[in-house]
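Each chain gets a letter, A, B, C and D, in the order it is written, and its residues are counted from 1.
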Amino acid sequence: MPILPASPTDFNIIRSAYAELTVTDLEASRAHYVDLLGLVESARTEDALYLRALEERQHHCLVLRQAQRPAVNALGFKVSCEEDLGRLEAHFRRLGLPAVYVQKEFQGRTLRARDPQGMPLEFFHRMDPVERMLQRFDLYRGAHVMRIDHLNCMVADVQAAHDFYARQLGFRVSEYTETDAADPQLWAAWMHRKGNVHDLALMNGDGPRLHHVGMWVENGLDLIRICDIFAAAHLTDRLERGPGRHGLSNAMFLYVRDPDGHRTELYTGDYQTMDPDFEPIRWSVNDVRRQTFWGHKAPECWFLEASEFVWNGEPVPRQPARLSERPAIAT
Amino acid sequence: MPILPASPTDFNIIRSAYAELTVTDLEASRAHYVDLLGLVESARTEDALYLRALEERQHHCLVLRQAQRPAVNALGFKVSCEEDLGRLEAHFRRLGLPAVYVQKEFQGRTLRARDPQGMPLEFFHRMDPVERMLQRFDLYRGAHVMRIDHLNCMVADVQAAHDFYARQLGFRVSEYTETDAADPQLWAAWMHRKGNVHDLALMNGDGPRLHHVGMWVENGLDLIRICDIFAAAHLTDRLERGPGRHGLSNAMFLYVRDPDGHRTELYTGDYQTMDPDFEPIRWSVNDVRRQTFWGHKAPECWFLEASEFVWNGEPVPRQPARLSERPAIAT
Amino acid sequence: MPILPASPTDFNIIRSAYAELTVTDLEASRAHYVDLLGLVESARTEDALYLRALEERQHHCLVLRQAQRPAVNALGFKVSCEEDLGRLEAHFRRLGLPAVYVQKEFQGRTLRARDPQGMPLEFFHRMDPVERMLQRFDLYRGAHVMRIDHLNCMVADVQAAHDFYARQLGFRVSEYTETDAADPQLWAAWMHRKGNVHDLALMNGDGPRLHHVGMWVENGLDLIRICDIFAAAHLTDRLERGPGRHGLSNAMFLYVRDPDGHRTELYTGDYQTMDPDFEPIRWSVNDVRRQTFWGHKAPECWFLEASEFVWNGEPVPRQPARLSERPAIAT
Amino acid sequence: MPILPASPTDFNIIRSAYAELTVTDLEASRAHYVDLLGLVESARTEDALYLRALEERQHHCLVLRQAQRPAVNALGFKVSCEEDLGRLEAHFRRLGLPAVYVQKEFQGRTLRARDPQGMPLEFFHRMDPVERMLQRFDLYRGAHVMRIDHLNCMVADVQAAHDFYARQLGFRVSEYTETDAADPQLWAAWMHRKGNVHDLALMNGDGPRLHHVGMWVENGLDLIRICDIFAAAHLTDRLERGPGRHGLSNAMFLYVRDPDGHRTELYTGDYQTMDPDFEPIRWSVNDVRRQTFWGHKAPECWFLEASEFVWNGEPVPRQPARLSERPAIAT
């Protein structure tokens, strides 16, 4: 099997922590993420909105920045201490990958680097503390989003991307998808640091692009309620897929599109994976229960549309998907 | 068994429809019923607040009127047509009971009568139509109260009260509670017109008094959420009993006290009873599963405290409970 | 509007009570309805299986009879007393419609009649009492089906069928669907006797055919759980549509097909309609929120496939749908 | 504050993994844990029953061993690799604490040690793999227990115990309870390795004793359902406390007693704590929302009764609680 064990590292990436997206209308984005989905506003600057979820005590898990076009500026990961940043910087330089320190509001020293696929990553160790809203049930709204759970990316070469995150950054695989060829190809990999199904998912597709940001909700009724809320607001077009249950991860899901097309997955009900001898679970790309355990097919847009990355103000060039296989879609 | 079949009547009482309570601070009541429980405000007059629940298309199910002391002005019942009012008037007069027409805001011609226990009843056939909020999920708050379900009263003589509602007003019994004496006495009766467990419950106690107004919610998680909301608002003292499941009625419940001590039951999960040959279900007053199926005892205040009625501006005199038996209480 | 008020009748139909279906393999049907959906087996005769739901105290709400081909023998309705049967018999004869008494196991005297569309109806007043399983939570399985809720039929002429059930049998309309023509045509009608959204739904289509039997479950998580159960049993092909929420009725739904293709709707969350002045709610056949409030389209099979009726051993001839309009389908 | 940061260690304890309890009647225990709570039977030996939860792929999270009297043989913790066992052995010996290797069925090399309070601990790195039942929804029963979550112990000196687990074994504190004295005393500490609220809780009380084993369920309706199941089985006496929500941990809970009095907490809805800079949350022992966020008091038995430990066949001597403070109890 094409899955690698995580290599030991001299730094410790704790978890996926935030995404920074550019949006074309901050007010429209605010109405979507705060008024409808129920995220909490931590700060509003001249050109950006900083959001967090109900249990989070760190400043933000989603940054929305005003821009001419929607894109993804960075994927943020928390590391265990400031020293880890220096070790990561050295590691990226050894690998010949760009890595520079940048100033980010509301968080400590931040290392900005690029992975071999071209995805912009940011590593930080500290973020400003904020009030935990977990027990302010009187203020709960929308989907009752608890915390950021994961980042899901489309990449042209899943095997190469997986190898990088396993060998170079110490990510472990919980589940993966292969083609059924005699010589099976890695079609997708769910990789984690924090001990549940994933911090980072890699899926075969034209990329690199951000497919979605995964947000944790408490249970399946939260998914039903948020569908009802969007429908009541006459915004059913933002409900792209679900509610349903994934075979892979076992989580219940709902995919929502924001006004710029950025995708959020409301996600709940996966399981623990922190045992070092956890055996990765294999799925065939053609197993209909893999994508929706109940047999529902995903709509074509779910497979084709994603958000492109930006590096130094330039769109990150997109490579065609290495594998042609695609799961069945709704027709 | 001391239960009577419903006698045929020449009028048709459809269901319990509202309660009119007096409160000492309308603002405090509004904060409780609208901001926390999530009822919808239909109208605000100089001295009263008219509330409805999410699925209701009639103007009000709860009227809160400013007064010097908390009490109950009336229990409201909807009848099938205006002619029913005349038939009810004649029927009450035949029985030597007071029955007069009164003007009520936001509803049609209303007959105000008194039952033999002294409880003030109001019968109406029409109420002003209002917008149904059932599918305005974006406006749901608090306990997501769907509709008024029932009225529960403490009366000194349950047998006599039951006989009146069965023989004279055509109410049917779904479940009832008896003492274990050789000659069993009727301790409580759940009576209905609309085809679920009850529109009117009669329980043994010093009375007549209104024990609680029952409001329908969708499921058990609504009960958990409203506990969380009151706790977040530092108002745990308003959570009197539950959440739990009643053996009698099988409903899940939570009892909440308002700022004046008026009690609301949030209630869900009973069953259908419209079959004319429905066999009333008997419970012993000493069966611990009767009051809380899980064996929890109710607190003493739940048995002792209730809201007194007012008739023509005078408190309705209270008679001591005829039966001394009382279920086990939490000690 | 093409909706009629219910005409008064000298008999009283209480509610829809059962469906009798023919199936080709009783064991396969038993595995579906009892082992997976969790219905309770009341009796097993040489050629039939009698099932009930958890709260039901009457013998059966679904009869499955072994036969060469799947079909529908009868739709059962409970009336208030034996005398109603004589009045119904006379009424059908006056209308020139067949009506004969038949012997049915486990239920009292039964009148078998045919409506103008050709649908076989059975009216009864008494059924054998059985143990209520409502509080045998230790025996709950599958979808936790509480009771039968309604019967949904496709008919060639909805207006004519609606007129018959309103004028001749006293059914009331809760919600209905019209075309958008200058002269709007009645596309579907939800009609009830028991005081919730429906006992009988009539939809435009080649008919008469039984589209589905509606069964009440407690909440949305029951729908999620039964999807998981069918998927775990590798029977996702039986999950035809949903879970979702209907705009019309506001109920959450899941449509399941049995081994013979008979359709069951698991249904929860509609509302009360017993007020005589309840104003029927209108929907346009082209309103996407009508069929699934969240905007999901129904699959084509949901619109085309249904179970045919049998009368005296002969299939009831099918007429083409009078209206050509059809809601959007999943493509 | 009396809370210490976790000291670095040369071994890596992954999580709490199992408890081994002695019981007086294996059949009665099996009926409780398997038939009612819904745990999965992994193995049955001559004198023991090995159970796991639905998502678990390791052989057991609960071992029930036949004995003359109920007690606790061991608390099991998983370590990252076999080498960790040698490092732990050396560490315990350096501390002058007993540590010996023992043979345990269905798991790899196991180190048995005793902590300074006298609690018997077992460390292992490998357990026999078993089939994951997570997606066998057709086999779910009872409370739908997903996994073991934590072990909760009463100890005479919480400060000393906390110091040992923080300094010597690298446990981190998520939340803690203090007295309100001018010189606040540590009354309880919730400590973890796996990144949620706890693997091990330490509470002030006569000890050492095991207060309960915490098992993770999916949501609040699972707690309601298991109450219904025990009540239906006429075993309400096994429902000791709840359902409710803890202020501390924010989790929803239900405490159940087994036939020997061993306590299980069904637990759901806490939060993530893997950030190294997570700031422990302080509660006052007198804050009524700490134990039940909704204000409910715990019954006295919950504070007084717990399971005693055994070491080399001898009961571990019990020391009186160092602190006299006790939260309010239900009276």
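By our rule, a contact is a pair of C-beta atoms (placed from the backbone, for glycine too) under 8 Å apart; a residue touches a chain by one contact, two chains touch by 3 or more.
Here's who's who by UniProt: A, B, C, D = Catechol 2,3-dioxygenase.
Just so it is clear, the model here is predicted, and its values are computed rather than measured.
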| item | value |
| --- | --- |
| Centroid-based (C-alpha) most distant chain relative to chain B | A |
| Homomeric contact chain A-chain D: same or different residue positions, threshold half | same |
| For chain A paired with chain B, centre-to-centre distance based on mean C-alpha positions, whole Å | 50 |
| Centroid distance [mean C-alpha coordinates] between chain C and chain B, Å | 33 |
| Separation of mean Cα positions, chain C and chain A [Å, integer] | 44 |
| Residues within chain B bordering two or more other chains | 135, 219-221, 228, 231, 247, 293 |
| Of all residues in chain D, those that touch chain A in their complex | 14-15, 55, 57-58, 78, 80-81, 125-126, 129, 134-135, 146-147, 194-195, 218-220, 247, 250, 269, 271-272, 274-279, 293 |
| List of chain B residues in touch with chain D within their complex | 219-221, 224, 227-228, 230-231, 236-237, 239, 243-245, 247, 252, 288-289, 293-295, 330-331 |
| Contact set on chain D toward chain C in their complex | 36, 135-140, 219, 221, 225, 228-229, 231-233 |
